[in-house]
Structures are given as C-alpha cells and as structure tokens.
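The two complexes that follow have chain A in common; it is paired with chain B in the first and with chain C in the second.
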Partner chain A sequence: MKLNIEGLLVYFPYDYIYPEQYSYMLELKRTLDAKGHGVLEMPSGTGKTISLLSLIVAYQKAYPLEVTKLIYCSRTVPEIEKVVEELRKLMEFYTKETGEKNNFLALALSSRKNLCIHPEILHANIVVYSYHYLLDPKIADLVSKELAKKSVVVFDEAHNIDNVCIDSMSVNITRRTLDRCQTNVDTLQNTIQRIKETDAAKLREEYRRLVEGLKEANVARETDIYLSNPVLPDEVLQEAIPGSIRTAEHFVGFLKRFLEYLKARLRIHHVVQESSPQFLKDIYEKVCIDRKPLRFCAERLRSLLRTLEIADIADFSPITLISHFATLVSTYSKGFTIIIEPFEDKTPTIANPVLHFSCMDPSIAIKPVFERFQSVVITSGTLSPLDIYPRILDFRPVTMASFTMTLARTCLCPLIVGRGNDQVAMSSKFETREDFAVIRNYGNLLLEMSAIVPDGIVAFFTSYVYMENIVASWYEQGILENIQRNKLIFIETPDAAETSMALEKYQEACENGRGAILLSVARGKVSEGIDFVHHFGRAVIMFGVPYVYTQSRILKARLEYLRDQFQIRENDFLTFDAMRHAAQCVGRAIRGKTDYGLMIFADKRYARADKRGKLPRWIQEHISDGSLNLTIDETVQLSKHFLRQMAQPFRREDQLGLSLLTLEQLQSEEMLEKISQIAQQA
Partner chain B sequence: MDDQGCPRCKTTKYRNPSLKLMVNVCGHTLCENCVDMLFVRGSGNCVQCDTPLRKSNFRLQLFEDPAIDKEVEIRKRVLKIYNKRDFDFSSLREYNDYLEQVEEIVYNLTNNVDVERTKQIMEQYQRENRDVIQRNKVKLTREQEELEEILLLEQQDTEQRRLETLQEEQRQLQAKRKNKQALLDELERSQLPASILLAQHKDRAAQLETQIEKQKQSVKPTTIFSTGIPKGQTVSLAPVIRVEEVLYKYQPINVETYGPPLPELEQLDRLGYLNHVRTATPQDLAGGYTSELACHRALQDAFSGLFTSLV
Partner chain C sequence: MDEEPERAKRWEGGYERTWEVLKEDESGSLKATVEDILFQAKRKRVFESHGQVRLGMMRHLYVVIDSSRTMEDQDLKPNRLTSTLKLMEFFVEEYFDQNPIIGNVLLFEINTFFYICFDAGNPKKHVAALKKAVGSTCLGEPSLYNALNIAMQTLKHMPGHTSREILIIFSSLTTCDPANIYELIKTLKELKIRVSVIGLSAEVRVCTILTRETGGSYNVILDESHFKELLMLHVKPPPASSSSECSLIRMGFPQHIIASVSDQDAKPSFSMSHLESVDEGPGLTLGGYYCPQCRAKYTELPVECKVCGLTLVSAPHLARSFHHLFPLDAFQESPLEEHTGDRFCQACQGELKDKSVFTCPACSSVFCTECDLFIHDTLHCCPACIHTQGAS
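Right, the complex of A and B next:
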C-alpha cells in the first residue's frame, strides 16, 4: 500500500499494516526531520524491519541530498539475510508500483565469503553489515572509513550494544599469548637480519618515509572525510612517528622490552588492579618506555609488516594484539582498568595468570559514530528503561519512545510465580540455591506445566552451573522421570555442536506431537539467536533472575566507574542488565500477532516494583496485580484457561480494524487518534 | 623464568626454591651463591664471557632475558645524561632526530659496538650541556612530586565519595524503617480509624520514594570553582565606599651615634671604604646585593657602640 506519513509518500509492500508500525514510522520520520538520534523500543515480531526500511528508503527518495546512505547494522548473519530479503521485497514493490527501474544499490557484507568491494561501497545507497564493522576500532578503520556524514545509521537488536562496545575495546593477555609473541618478535628480528643482507633498500625507504613524517599513501578518496579512529585522536594521527622507533632494529628492541615487562607483570601471586596512568608510570620506571612510542606501536608494526612483505599475517596476530593493547593503554587515561589475576576465580589451584585490560566506558567506542553521522537510531524489542542508554552511551537523543502491541486478543500471558504449593518462596537467590524445598518446587512447576502446555516449552536458567545442579537434584528426587512421561527433555551445553543437535531434535519432537522441553541458559546461544515461533514455544519459563556473576572484579570495577561517572547505582545497573536478558528470553516465544505464549517468571523477586518496572512496556501492560505472587496451583489454573482460549480459531477478519489495518481503516480519524496514543515518550 | 638455571652450578628454581638470579654489566646471569663463591678470592671474571667484573655491579634479575636487564641498566644511565624534553627543541623533527641518536647510543653500548667512541660522544655531550641536564633533572623531580600529589588526591576523593554513597544508602534505609515503625506506633496509640492511618502512611512512603528518586537524578553539585572560590558567593556589584585616610609619609630612621656622623651609602666608594670589602660577583649583583650594603652595615656596627650619651 502507499501511505502518507506527514506529507511523505511511503511505499509499504503489504496490504495490511499494524497500527504500531504506522506509529513507529511516524516517530522515525520525526527523528530524521530533526536530524538527531533516537531510541525506539518496539516489541519483537511486529514487523520492525520492514517499517524501518520502507520509511528510510522513502525518505531517501524524497530528499536525496539530506540522506545519502542508510547503514543498517545487525548482530548476526541470519539477521542480515532476513534484512536483505525484506529489502528485495520492497524493491520489487517499488518497481511494480512506479513502473520504473530502480537504481538503488544495496550491499550486504557478512563474512569472508562476501568480501567488501571497496569502491562500490561509495556508490551504494544501503549498506547492511554487522555492528563490529562500525564499532570495533580495529575493523572500522578498514571498512567504514569512507562513509559520508549525511547517512542514517540503524542499530537493530541493539539492547546489548554497550557490551559490544566494551568487548571491542578490551584486551585479555595470557602467558600463552606472550610466549607466542616472543616467537613473533624473534621471527621479525631474523627477517630483518635477512632482508638487510639481501635487499636493504626497502628498509631504507621505510626509514626515509618515517623521517619525513609522511603517512602511507592511500587510495585516492572521493570524499576526504572519514570515520575517525577512536583509538587515536585526530591531531595525534597527523604526527610523525617518534624517533625512538624509527629504525627497524630499534623498534624490535622496543617490542622486546615491552614484552619482557609484561612477562614480569604476569609473575605475581596476588591480584593487582590499577588504572592506565599508574600502569604507564610503572612501565616508565621499570623499562624506560614512554607514552608516545607506545601510542604509535600499532601503526609502526603495520608499516614494518608491510615493508618486510610478510605473507602470513595471521601468524602475527599475538603481536598485533599486544600492539593494540599498547596503543589503547597509552591513549586513554580514563575509562579503562587493568586487572592482573594470578589465577582464574573458578580454578584457584591452577596457575593461569591473565591480564585483563577492560574498557569500562562504552561511550568511547561509539562516540565517533554519534559525532560523525547525523542520525543514529537504536532500536530493539527490549530497551527498558529507555533513559539508561543515553546515559551510559553518552548521547542526547531527540526521540525516546516505547511502543506496545495492539492486540485483538491478548496473546501473551505473563505470570509471576513466587511461591510453591507449600508456600515456600521460590527464588534463585544465592542463599537459597541449595535449598531442597526450592529445587523441589521448581521441579514441581516444570512438571505441572509439562502436563498442560501443548508442544514445546523452553526453560531458561541463570547459569550453566546452576542448571546442572538443579537437574542433578531433580534426577535424584525422581522429578525428571515424571516429566519425561509427559514430554522429552533436551538440554543446552556450552558446546555448540551438541546444542545445535539438541535444538534440531527438540524441533522434531515439537513437530510430530511428542512434545519437548528445552533447558537452556539465559545468556547462552539459544537465548540470543533462536526464535521459538508458534508450537515451538508455547510457554517460556524463566527460573530465577539472570544476574551476571557479581563477584567478578572486572564487573565490580565497571560498576564503580558507572557510579562515579554517571551516578547510576550499582543495584540499578545490575537489575537493568538482568531484566533485559530476562525480557530477551521471554520475547523469544512471541513472533507475530497470531502467535501466543505463556511467559512465566519463576522468582518472587520479579514482583518487586523495581524489577517489574524494568520490563518492556509491551510485557508490563499485561501483568495484572492479581498475577504477581501466584502459587504453582494458581499458575496452572490460569495457564489452562489461557491456553484453551487461545486454541479457539482466530481468523484474520477478527483482527481487522483492531490490530491489523487496511489503508481505508488507517486513514479514519479515530484510528489516527488511537495511534498517537500508542507511542509513549520516555 | 622458573626453568632457567645458573650456568655455573646448574641449580634451578625447583631444586632450590629460594634461588635468586643476578645479572651483571656483561649481560650474563649467576645465582646468588655462585656470585659469593666467585668473589671469595677478591675479584672474578664472568663464567661465560670472561670480562672482569665487580661484585657491586650484580643486580637482581627482573626479566627473563638477561640481555634486557643489561639494556635497561644502560638505558637508565644514558637517560640520566640525555634528558632533554620535547620543549627544548624548536621543531618536532629535531626532537625525533635527538631521540634516534639516544637509541643509537644505547644500542651500541648494549651490543658492544664501537663502545669507546660512543663513550667519548657521551662525555662530550655531557660537558657541553651540563646546565641543561641539571635544569631538566630538577624539573623532572618536581613533576613527579606533583603527579604523586594528584594521584593521592584522586584516591582520597574516590574514598570519600564511596563513603558518602554508603552513608546515603544507610540513611535511606533508616528513614524507611522509621516510617514503618511510626505507622505501627500510630496504629497502637491513635484514635483515628485504621484506613486513614494507612492512607497517611502510604502518602509518606510515596513522598520518601520521590525524594530518593530526585536525589538519584540530581548530580551532586560542585561547591567550589576550580580556583577554590566557593560557588554561589553573592558578588555585590555596588561600588566599594572610598575611605579617605591620611597618606603615610616615610620618615627615615635617624640613629644617634653621639659622635662623628656615618658616611652615606653613596659616598663609600669615593671615600675608599670599598677597597676593604670583597667585590660582589655577578651572581650577587643579580639579587640586588651590592658591596656598599655590607660595608655600610659594618660601619654602622662599628660606629654605634663607640660613644654613649651621659644625658
């Protein structure tokens, strides 16, 4: 259909539209008009992708000078493929409606199979790739240098974007890395020795260039503005490499000293935590290495590897990692912390020293993106509470809105089960984890649900260790046997092959009617990527609140930093993180308006206002006060009622006019009135 | 590091856990016991390269590769002499050339290339730039002290902030508890019906919540500018009232010597007194000192005690 959104002609390739899609497009258009950034939360399974694409493509066609490019960033390769599919449909619709040939070029960069073709990126109107190409400084330099300012960047499924930013700027160094580095450095030294004897001209040429302070000649660019490198600020990039690492031998000696220093640091017997400036001070005292040469380490190494014409770059990845670490530690004085542990917390007897250089401030990696592009849109199904993202990513959005699903029949049923039939409170709190009664109650819950829910149930635990403990207890108590009489049980493991096998069999069991239960973990592969549509997921059970491991020193350092910089309380942040994972997990079951599912939160802590308030709006509005602290029996009763209701036939005509609209219905006054109430500004 | 052994006695860390390896100027290692053994008969030579060594030159090995230890030693020594900084140079290019020079020297000394000539270059440089070296040394120590102060201040700040947030949370918990207790007390004592009391209690609890929310939102405001002036000081723009007072007039001191008068400061040179006083060096003159001052002072001393008045 062809829509008119505040004067903009939008081609929408389907005949029916959801009211919230219209509302979403409206907000998006306003964000683009204001040339600012936006945070939009829209429930999963409501056609977010096609709304985004159709609006931005229409905007591009209407104002080709305002928005030259759309950069769509997604998390995984399947998601990228889905986007390309929708785009294809949209383009076909355009050709059909307007009758003219489309001259839009869209590029998808996904893996090594589809390599980037550098000049083509400049001509493409739409580029689809993964977050890392824009956020990770090591890669952004290579791929996203040439993107112009007047582009719109969309981060889809961006609820985890702060973790992506942090991971891209963090480095972990173990003893093994350093040993392999030593081999690299020795190889470099030998290669230099050899080249000096055979073809010294190359080294001299490089030396001359470094003395002159020339940067490497690059391919001629059409636009000479590029994505700034967050690792090195602009002025420093223009400086010449310091004289102490000009010649190849001096540089190799420099690397050797740095490496020895790191080895000495790893030889400790207790935990050390320090900041970047302290680390630099220590390194200067011990091996007389300055800040400046460290900053240019990565660049100098790159130049040396190119001059020596090393063919197998992958062999040199340890030394590249170390040079990346050197550059990061010497550039940023705030926002990073160095933690050296002589052994990992979980294996205190095995000596495994590791140096964690972790970024605590996600805004560092994403700042160049916000500054470079005029409109950045962060969207996902679970972004609550909305105001935390602008605070931790340090940007000011012009729009922050949360949308709900308009439903003709309430197809989700969130229930909070706080007690067992024996009135013992159920919780995954650390103190009650070993409690026999709690484990038995959890088992009881699963048993009862397996008896009444058809087809597939997905159960999420807070961690692998916890899941293994509970399943072992259930086996001893005989609960597993009882459950298996109703449904088959599959379990997710840290091993990827086993998990995909389990998933396949689970789907088979759901298909042929035997029914199955999948036990998985809240931060695992299943919860992040797999959708359980229709009969694959009729109920999702969240056992406990999925808090991250709170005794990790890196996490503690990060919480302290957030408290000092952004005045975010530690408790608030931990709860926010746990609730977003919980919401992600339960959101797996609903992928469309005809889909229905039970969402069971099995922990008494979910009833508390501070946790309930952090659930996305489209889940919160279906939690009634009566379903806050149910026992298992009450839960079973409510679920039976809900499932029987949902099993009634539901035709498209029932939805028309309420949650599904045709063009005429859309344009009626009352509908527009209702639509304006869907979006709730944060 | 743990599998390195002493080249002389071949003991390693697992045979003798308290083994300490020492390294010397030639870059070779020896365990502590062997060092003692070597020097029991006066002086000794290195086991591997036979260079004459002194016992005092042995240092505890910090790094796995003894060559690195040696290089770091040499580097520290060289940097004590070559301690110019980037603002001592007029262009970045010159500074980078200077840095490369320093690297060359360290490289030569470490790998025993052209040692004599390099030493000569170093001595010459030292002679020529003695005052620059001295100046930079002083500057460096001062900077280090400042840095330490800043770090200390930062640490104290974070400690304080942490304590404050803890106290704040304690206070909030206490307020909540007091509220609950107040409700129970009221239910016991008061004559009003329970529903009204409950409503009042709910109100109070809601108020507390909003207070806490507001506190969370408000960024702790800074109270002083960076120069130490407290913010919010009302600066009145009214003109300051002029106070007219008597101007001070300088009266020179008149010392009564009851005898012949003291010659003036300006006449000392002409009268030849200055020939008996050491002339001021240029350094003294820079500070404002002149030889007349010393002379005049001595004369004042001499004249003032000679005669007394019997009046």
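Right, the complex of A and C next:
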C-alpha cells in the first residue's frame, strides 16, 4: 500500500498495517526532518524493521541530497538476515509498483566470508551490519570510517547499547595475554632484523614518513572524510610521532619495556584500583616511560605492521590489544579505571591475575557516531525509562517516544506473584534468598504452572549460582520429580554448546506435545538472543529481580562515575538495569499480535511503583491493580482463565479495523485520532 | 440462560472476578458481555454450515476420552471425568438421534486402553457403559500416539464411502509417546481419517497440528456449557472430502411385524443383535423387524444385519438425516423496534422482549430468539410453514 506520511509518499509492501507502525513512521519522519537524534520504543513483533526501512528508503528517494545513506546496525547475524529479507520484500514492491528498475544498492556485512571489497560498495544506499562495526574502534576504523556524514544510523535492539560501548572500549589483560605478546614482540624483532638485512630502504622510508607526521590523516579528518576514532585522538594527528619510538628497533624495545612493566604489575597479592593518571605516574617512575610515546603506541604499531607487510594480523591481536590499552590509558584521564585483581571472586585460592582497564563512560565510544551523523535513531522493544539513555550516552534527542501495542484481544498477561499459598513473601532479595520457605514457594509456583500451561515454559533466574542452589534444593524436596511428570526440564549453562543442545531438545519437546521447561538465567544467552514464539513460550516466569552482581569492583567504579558525572543515583541505575533485563526476559514470549503468553514476575518487589514504572509501557498498561500481589493459587486461576480465553479461535477478521488496518481504515478521521494517542512522548 | 447447568456452590467455585466480566455499555448500564459474545457465536455457528455441501452421511466416529490424572481436576464439577461422562451421555443420544443412518461410536480411555463399548448403532449400550465408567480413578500420563494408533487400526478397515472420524477429549497438556507422532499424523492423513480434539485446559501445539493436518477441528472449552456446545458441533456430519468414494448402498426397510399373543402361528424368537450379549437383554419376543433378505429378526433399528450384512433402516431414519443436506434457511434478524406486526412469538406465544426478532423468509412468521435457536437446532423445519401447508 502507498501511505502518505505528512506529505511523504511511502511504499509499504504489505496490504495491512498496524496503527502503531503508522505512528512510528510519523515520529521517525519528524526526527529526520529535524536532522536530529531519536529514541523510539516499540514492542517487538509489531513490524518495527519494515516501518524503519520503508520510511527511510522513501525519504532517501524523495530527498536524495538530504539523506544519502542508511546504516542499519543490529545485534546478531540472524537479525541481520531478517533485515535483509524485509528489505528484499520492500525492493520487490518498489519494482512492482513503479515499474522502474531498481537502482538501490544494499549491503550486509555479516562475516568475513561474505565480505566484498569492490569499491562500488562505498556507494551503497543501505548498509546493514553489526553494532561493533561502528562502535568498536578496532573494527570501525577498517569498515566505517568513510561513511558519509549525511547518513542515518539506526541502532536496533539497542537496549544494551551502553554495555556494548563499554565493552568495546574496555581491555582485560591476563598473564596469558602477556605471554602471547612476548611471542609477538619476538616475531617482530626477528622480522625487523631480516628486513634490515634485505630491504633497509623500506624501514628508512617508514622513518621518513613518520617524521612528516600523520598530516595526511589530519587533513582527511579536517576535510570531513573520515569518522573520528576514539583510539586515535586529535593530538596524535597534529603532532609527529616522538623520536623515541620512531625507528622500528626502538619501538620494539619500548614495547618490551612496557610489557615487563605490566608483568610486574600483575605479580601482586591484593587488589589494586587506580586511575589513569596514577598509572601513568607509576609507569614513569618505574620504567621511565613517558605519556607521549604511549599515546602514539597504537598508531605506531599499525604503521610498523604495515611496513613489515605482515599478512596475518589476527596473530598479532594480543600486541594490538596492548597498544590500544597504552593509547587509551594515556589519552583519557577520565572515564576509565584500572583494577588489578590477583584472583577471580569465585576461586579465591587460584592465582589468576587480571588487569581490567575498564571504561565507565559509554558516551566515549558512541560520541563520534552522534557527532558525525545527522540522525541517529536508537530503537528497541524495551527502552524504558526512555530518558535515561540520552543521559548515559550523553546526547540530546529531538524525539523520544514510546508506542503501545494495539490489540484486538489482550494477548499478554503480566502477573506479579508476591506470596506463596502460605502467605510467605516471595523475593530473591539477599536476606531471604536462602530461606527455605521462599525456595519451596518458588518450587510450588513452577510446579503448579507446569500443570496448567501447555507446551513450553521459560523460567529465568537472577544468576547461575542462584539457579544452581535453588535447583539443588528442589531436587532434595522432590519438587523436580513432580514437575517432570508434567514437563521435561532443560537447563542453560555457561557453556554455549551445551546450551544450544538444551535449546534444541527443548524445542523438540514443545513440538511433539511432551511439554518442557527451560531454566535459564537473565543476562544469559537465552534471555538476549532467542525468541520463544507461540508454543515455545506460553509462559515466562521471572524468579526474582535480576540485579547485576553488585560486589563487582568494576560495577562499583562505574556506579560511582555515573553518580559523579551524570547525577544518576546508584539505586536508580541498578533498578533500571534490572528492569530492562527483566523486560527483555519476559518479552521473549510475545513476538507478535497472534502470539500470546503469560508473564509472571515472581517477586513481591515488582509491585512497587519504582520497579513497575520502569517496565515498558506496553507491558505496564496490562498490569491491573488486582494483579499486583497475588498468591500462587490466584495466579493459577487467572492463568487458567487466560489460557482458555486465548485458545479460542482468533482470525484475521477479528483484528481488522482494530489492530490491523487497510488503507481506507487508516485514512478515516477517527482512526487518525486514535493513532495520535499511541505514541507517548517522554 | 435457562438450560445452563446448575451452578456450583459459591464456595466450591474457583477464584473468580465476576465484576470484571461486567462492562458498562455506552448508556452506562451493565450487561454481561461475555455471555453476549457466546450467544453471538452460537447463532453464528447455526448458520455457518449453510450452503450446498456434500456431507459424509455414513459416519464412523471413534471417541477417545482422556483418563489421565488431570481428569481428576475439579474445575468442572464435580470433576472433569464425571462431567465429561455426563455430557457424553447426552452427546451419544443426540448423535444417534441426528445421525440415524448407521454409524459407529466407540469409546475408550486413552491410557488404560479400556474399552467401554464397541457396538454399532445402539445408544443404550454406550450410555450404560458411560455410566459404569463414572467414578473410576484416573492415573498416569496419557499417550496420544497409542490412542490414535488403536483408533486407526480399527477405522482403516471401514469402507471408503463412510467418514472416518476420531474425536478426542483431551484433558492433559502433555503426551508421553513411544514414537514420533508426526509420522502417525502423516499416516492418518493418508487414510483420510479426520481427527478432532476438544481440549479441556489449554491449546496444545501438537493437537493444533494434528487437527489442521487431518482436517478436523480443535476447540478448547471455557466452561461446562461451552463444553456442551463444542460437543454438539460434532453431532452434525462433516462435509465429505471430494476425494472420498461414492457408492450406492443396498438398504433394507424391514417392516415391524407385531404378532399378537393370540395368533397361533406366531413363534417367539431371539433377536440377532442380542445373541452375543450374554449379560442382559430381552429374551424371546414375538414381534420385531425381519430382514427382507434373510429373515433374521431384530428388535431395534438401524442395524447392520448380522447374517447377510444388509443395512437395515426405517424410512423416518432416512428422513431425519435429510435435514443435514437441506438445512432450514436462516431467519431474518431485525430489531424489535422496526417490527410492526404481532407482538407474540409464533412458536411459544410468548411476548417478544429480546432486542431482535426473527422472521421466516418463507411464511413471514416471527419468532423470538430462543425459539429461533430451537427451530434451527432441533426441529429443522419452520412450524408455521408446516402449519400452512397442512391447512391448504
């Protein structure tokens, strides 16, 4: 169908449209018009991807000078494939409707084997790839630096974007890394020696180039060709590489000294936490390494590797990592912290020293993106509360909106279970989590649900440790045995292979009618990337509130930083983080309007306004006051009723006019009035 | 609704929120929305099947009742098993009433494979067997695979011109199968066996696929009255698939011969259908139906002759099956305010009080809602039309 979005002709490749899609496109267009950034929350399964693509493609066609390129960033390869599939449909529709030959070029980067290096790809109109290609400085420099300024960047499934940013800037160094670095350095030294004997001119040429400095790169950046790179700070570009590391041998010697210093630092027996300036002071005192050469380390190493014509860069990843660390630590005095731990928390007896160079400010990594591109859109099914993202990512959006799901029938049923049948409060909070009654009540809840929910149930725990404890105690109490009469039980483990095996068997059991329960962990692989459509997830049970492990030093440092820099209280951030993960978990079950599922929050703390208020609006509006503090019995009654209602035949005609619209229906005054209420501006 | 089964005592009922069912309409008055919706659905169902379709009039229906431990659940009163069996009794009677041409109803339980009954065309035996099953204990997990397999073994030998149907009353949400059920579904599809499922608790994926693949229907009950309605859906013969065979069937129409005791020639004799049942049944009788081909005697019709295999029916049986093929046209619904004629229903003579009235397109008589349903569900002919025909 052809839509008119505030004067823009949009080709939409389907005969029907959801009202919220229309509303979403309106907001998106306003964002593009204003050439600003946007934060948009829309429930999963309501056709976010196709709305985004249709509108932006239409915009590109209408104003080819305003927007030249769409950069669509998604999280995983299957998601990228889904985007490409939708895009293909859209393009076919264009060809069919206009009769013109398609002159649009889209490019998807998924893995090295699909990579194309033809120069024409630079002119692609649409680029689809993973976040890391834009955010991770190591990759971004290779892939994304030549993207034009007049691009629209979309981050889909972006509820975790701050963590991606932090991860891409953080460096962890173990003893193993250092050992491999040592090998790298030795190889470098040998190669230099060899080249010196055979082709000394090459090294001299490099030296000459380094003296001239990185003028080229500087010119490129000033003329606005390249995306700036956080690992390559401006100062580096304006100055020449210092003399002390200009010749190849000197540089290798410098690296050796640096390595030795790091090794010495790892030989400790107690935890050390320090800031970047402290670290720099210490390194100067101990091994006389100045700040300036450190800052040039990454660039110098790259130049060396290029000169030596080393083909297999992957082998040199440890030394590259170290060089990045050197550059980052000497460039940023704020936003990073260094923590050296002699052992892991779980195994305090085994020495396994790690140096965490931890980024605490997600805005560092994403800043170049916001500064360079005219429109950046952050979107996901769960972005509540909306206002926190601009704060932690440090940008000013022009539109912030949350959309609800219009439903012909209430297909989601969020219930907050606060008590067992014995009236003992259920909660995973630290003081009561070992309580026998709480564990038993959790077990009873799962047992009762396993008897009334058909096919698949997914249960989430707050951590692996907690899950192990609870499952062990259920086993002793005989609860597991009873559950197994109703359904098979599968468990997610930290091992990826084991988990994918469990998942496969879980799906098989759901498919052939035996029924299954998947016990998994919030923040785990299952909670993030895997959808449980229809019968694969008829109920999701969230045992406890998935707070992050608060004793971690890295987290503590980050919380402190957030409080000092962004005035976000520790508790607010922790609750926000816990609730977005809870929302992600329960959102796994509803993947569209024909789907239905129970969402059970098994912790009495969910009933509090500060928790409940942080759930996405499309879940929140279905939590009635009557379902705030239920007992297990009440939950069972409500669920039974809900499941029977949902099992009644549901056809497309029932949706038409309410949650699914034809073009005529869309154009009616009354409907437009309704649509304007779907989006809630934050 | 008057016919609604007596509600359970308040304190026996589940946790309910009756106030949520009530919704204010625009004028601010309360009405029971859900009942309204159900009523609409009922009406819709009555008229859904209209149109000229070929129906499989000769039916072989195999009813399977789950008897796993979930049948002990008390959300139907007094428990699922008792309630189901009670409704089944009603179903069996209705089934034989509406499908008088020979059919088969077989009943058995899913996990114990205990046959309640195996006989043709005699509702009494089924009902007796159902009564016997009340109160039996339900244990263990069911297996859809085993149930379907056994039903299939019997049905696949039925002649191709009859319909082969399986109806499963499925209470459990799990099935413990010895082999891959999807293979079996494929076989069922090849054999053109239609499987329908009535779920007592929730929608199970494998049942959805099973019914979709084999062309049956899948419904889940809301409460007891809804359960009854869903069962009644299966009384009506399903449309025959175009690929099923057509054949002419020899039928005998025996006359009932009543011999008076005073008649000296009359000799008491056994009914053939009672020969095999040892436990009960009348002994020697004087009169009965005699097979026109082999003179074997039967006390009840319809029946398949044990001796020569001829199908024995009476003319009214055929006539009763007839209405499925030529159903009564839907009456026109119009709001009460627009109606100008009589204020009384032609059938029950009660005052018209409902929102809408129904007019027969042939004779323009008006009926109330309840009578409209009764006429289409049970009578299958308009009483006013018949009246005028009789007069003329």
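Assume the second predicted complex is superposed on the first by the 666 of 682 C-alpha atoms of A that agree within 3 Å, B and C clash if a C-alpha of one lies under 4 Å from a C-alpha of the other, contacts with A are read in each partner's own complex, and residues count from 1 in each chain.
Just so it is clear, a residue touches a chain if its C-beta (ideal position, glycine included) is under 8 Å from a C-beta of that chain, and two chains touch if they have at least 3 such contacts.
Because the structure is a prediction, the values reported are computed rather than measured.
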Which superposed partner A:35 touches (first chain B, second chain C, both, neither): neither
Partner chain in contact with A:514 - chain B first, chain C second, else both or neither: second
Touched partner set for A:569, first chain B, second chain C, both or neither: first
Partner chain in contact with A:96 - chain B first, chain C second, else both or neither: neither
Common ground on chain A, meaning residues reached by chain C in one complex and by chain B in the other: none
Chain B residues touching chain A - in the complex, by the definition given at the top: 1, 62-65, 68, 71-72, 75-76, 79, 92-93, 95-103, 107, 147, 151, 158, 161-162, 165, 216, 219-220
Chain A-facing residues of chain C, complex: 14-17, 70, 75, 141, 144, 173-177, 180-182, 199, 201-208, 219-222
Interfacial residue positions of chain A with respect to chain B in the complex: 211, 213, 239-244, 246-247, 249-250, 253, 256-257, 260-261, 263-264, 267, 277-278, 281, 286-288, 560, 563-564, 567, 569
Residues of chain A touching chain C in the complex: 451-455, 485-487, 510-515, 534-535, 538, 626, 633-634, 637-638, 640, 643-649
